[in-house]
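Consider the two complexes below, in which subunit A is the common component and subunit B and subunit C are the respective partners.
The block that comes next holds the complex of A and B.
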């Protein structure tokens, strides 16, 4: 079955992925950090029972992963794929995740809340991601009494999630806004509009491949649909600005920008060592080159696949051995070289 | 002039953004506080400042400082920034509503409800209505109708019992 990230979603020239997650807790158990390990076990078991009893076929499309049964590298791979959070992978509690075959849907067990139902989709597909989460949430809530209050809604471990307990986010690729420095004012306005912005992994937003994650902060007082629409609408304003700026850059500074992109392409094709930062930065350039029709041999999907695999744990899983950072830089460069070479070969065959 | 959100005395001049566990918090603080708290500031200190949960006057019963179900204390919350269980939200009702207002600007959930709960609540509403009608029938001595309503109430109650099990 194809993984979600090999699909090309709507507005993929700027939107890398959409994500929706719902936080849910059992009424009968204390929240994970104050619960007993038998409670934590029960959370996993009862949720799986609830889902599979509703539709036994679902059993075939999900895998239950228990974190005490897999290696640290395998756990970190799930983090790098954004299937589970770093906190979950590092937790001391009885944790695990139920993950769909296409890796689109995951339920994290005993993270900050008993359940975190999450759906990922490529490009701008927030409504679809919400519908899928909602479907699964409804199935579970037929069997399990959630911690819910008629006035303030779903109760969560942290008060910042109370209410709808929904987090709606999009990952945007904004090289033109970043290059020109306009990103600062964009980020500022996002803050004023109640959206949080962060980089691919955290604080240092500029260094990581010009990728920014936008998400809602407020979860109480608006319904799920309004929250989805507000993130979507604000995103589209940013997407439009990014597109205009790209066009302008290519019109006014074509030589300079094309040079930068093709140099990055050269580095990725021939470099013998690559750090994650450098690889991400160059892959970001390549993605822009593909969007602007400068690079025809590769697709957005190729870039997404490489961005995923160059990460430390994924790379070690791919190589099937533990690697120190220096060895990783060498393997990363080799993987990227080979991958690009293969794709270019395919392209030549097709065009001949 | 905006006041510093930490000392609440000096003018706030520094916009402080922090990301903890992927959650972003914004603070508008003065230079002095930014300097002294800069490294130590985290979501929890922020929440503590916001919640003022140790202020017993805000609690429904001033002697209650501990959740009677999971044992969480106001101090625990101040330390971790996390509630212990669903019951905590009732025990610390007043300061929690104040905190929710400050975080979300709202205390009224307008989103979806759990499916089964929604159904049970719909039945409850129907039962209330029928009970009112029953009283009215008895008052007006319309016993035939009353018996009909009584059967309907019995049926709905038995169904509801099934739904909650």
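The block that comes next holds the complex of A and C.
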């Protein structure tokens, strides 16, 4: 079964991925950080039962991962794939996650809340991601009583999530807005419109590779559909700006921008050592090059795959050994080189 | 007929080329800058007569170029090829040059001295270059009386050339000495041993591409053979140091140095705009990569050819049009890209 991130979604020239996440808590247990180990175990067991009893076939497409049974590297791979949060991977509680085979759906157990139901999708597919979350949420709620207040809505461990307890986000690739510096005013406007903007790995992380995550800040006093539509609409305004700026850059500064993109391609194809930051930055450049028709031998999907696999834990899992940072930089360069070489070979065969 | 610079000479891992130049003046005419236009014409005519009357066959392998009959670009191409000096190309006098088809031999007319007989050769071939200069010098001296003093030797326009009037030089590629910073003490020692060190284009030019020209400073009180041997011997000491350092660099810092070389290769293969300085620097890196067996698809000769053709005038002659600096940078990148692509294609065919 193909992983979700090798699909090409709508508006993939700018939108890397869409994500919807619902926070839910059991009514009968205290929030995870105040709950007993026994409660935490029950949360995992009862949720799985609720899902699989109603639909035993679902069992085949999900894997339950217990965090105390897997290595630190395997836990960090899940973080790098955005399947679980860093907090969950490092938690002292009884934690785990139920993950679908295509890695689109995941339920985190005993993070900040008992359940975090999450759906990822390629490109701009917020409604689809929301529908899938809803589907799973409905199945679970048939068996489990959630902590819910008729006036406020869903109760959550952190007050910022109370109400709809939904977080809707899109990961946008904004190289033209970044290069021209216009990104600053875009980020300011987002704040005023109630959206939070973060780097690739959540709050307080830099926007490596010109990738920005936009998400709703307010969860209370609005319904879920409005929140989804609001993030989607604001995103499209940014997407349009990015597209216009790209066209302008390529029209007015074609030599300069093509030079930058092709140099990045040359470096990725030949470098013998690559830090994670540099690799992301160069991959961002070639993603733009692919979108603008400058690089035909690679696809957006190739870039997404590389962006995922060049990360420290994923790289170590791929190499099947623990690597120090210097070794990782060498393996990263080799992985990128080999990947590009293979794809270029495929392209040559196809066009010959 | 192949140009001299596409041959691979001895010790070509470090020695780019060898050059010997003799300064000669007619006894009967004042030095060029004090001579009449008529004298200058006679110098050209009488020298050609002296050479071709003794050996009419030589006529086929030489071309007489009159500087007032060729374009500025064509004149500058001769400078870039080291066939004539910049001073000659910009002179107001009746100037010209007799150049052999393989571009190994040239006689400049009416530069600082009436005649400058010069021979270039690939790699370390100082004796050969000296022999060839001598051969031509002997032919000329059978017909022409040189300005010569029995005690001092050959008389020249500038006192620094008086005596043997010989300049012996080698162009060395010293990336390892440069990277490690040891080059400074090498240059100091050269000064103490009576050698001048210059960049690629003579005095006061920087050592672009890690290329250094070593030449004798003293022309008086020694015989020609001693001067040739002295430059050769000192060069070999430097060559050995460079080789040891290269081996050490590749042993101790293989990742770092290979990374630098392969990145340079990637940039040359893909960049869309390249300044002359950057191209020389990167070509220097890949020359080292070829020597160390890291790049197999290209040869030293390919690098020499590219180093020559990326220069401003040569590039414009190749493109058959006048280009402004920005256009040159774009053409330079295209030329380098195409050249590498062609050579890599040849290599693939050979190894398939």
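Convention: the second predicted complex is superposed on the first by the 346 of 352 C-alpha atoms of A that agree within 3 Å, B and C clash if a C-alpha of one lies under 4 Å from a C-alpha of the other, contacts with A are read in each partner's own complex, and residues count from 1 in each chain.
Here, contacts are C-beta pairs under 8 Å (C-beta built on N, C-alpha and C of every residue); 3 or more make two chains touch, one makes a residue touch a chain.
These figures come from a predicted structure and were not determined experimentally.
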Who does A:10 touch here: subunit B (first), subunit C (second), both, or neither? neither
Touching partner for A:27 - first (subunit B), second (subunit C), both, neither: first
Who wins on subunit A residues touched, subunit B or subunit C? B
Just to be sure I read the superposition right, which of the two partners does A:330 touch: subunit B = first, subunit C = second, or both, or neither? second
Looking at the overlay, does A:222 come into contact with subunit B only (first), subunit C only (second), both, or neither? first
Looking at A:87 after the superposition, I want to know if it touches subunit B, subunit C, both of them or none. Which is it: first, second, both, neither? first
Once the shared chain is lined up, is A:273 touching subunit B (first), subunit C (second), both, or neither of them? second
Per the contact definition in the header, classify A:263: touching subunit B only (first), subunit C only (second), both, or neither. second
Kindly list the residues of subunit A that each of subunit B and subunit C touches, one partner per complex. none
In the complex formed with subunit A, which residues of subunit C make contact? 255-256, 258-259, 262-263, 265-273, 326, 330, 333
Which part of subunit A faces subunit B closely enough to touch in the complex? 25, 27, 29-31, 33-34, 85, 87, 112, 134, 138, 141-142, 145-160, 162-164, 166, 191, 196-198, 202-203, 217-224
Inside the complex, what are the residues of subunit B that reach subunit A? 17, 19, 21-24, 26, 47, 69-72, 80-86, 89, 96-97, 99-100, 103-117, 121
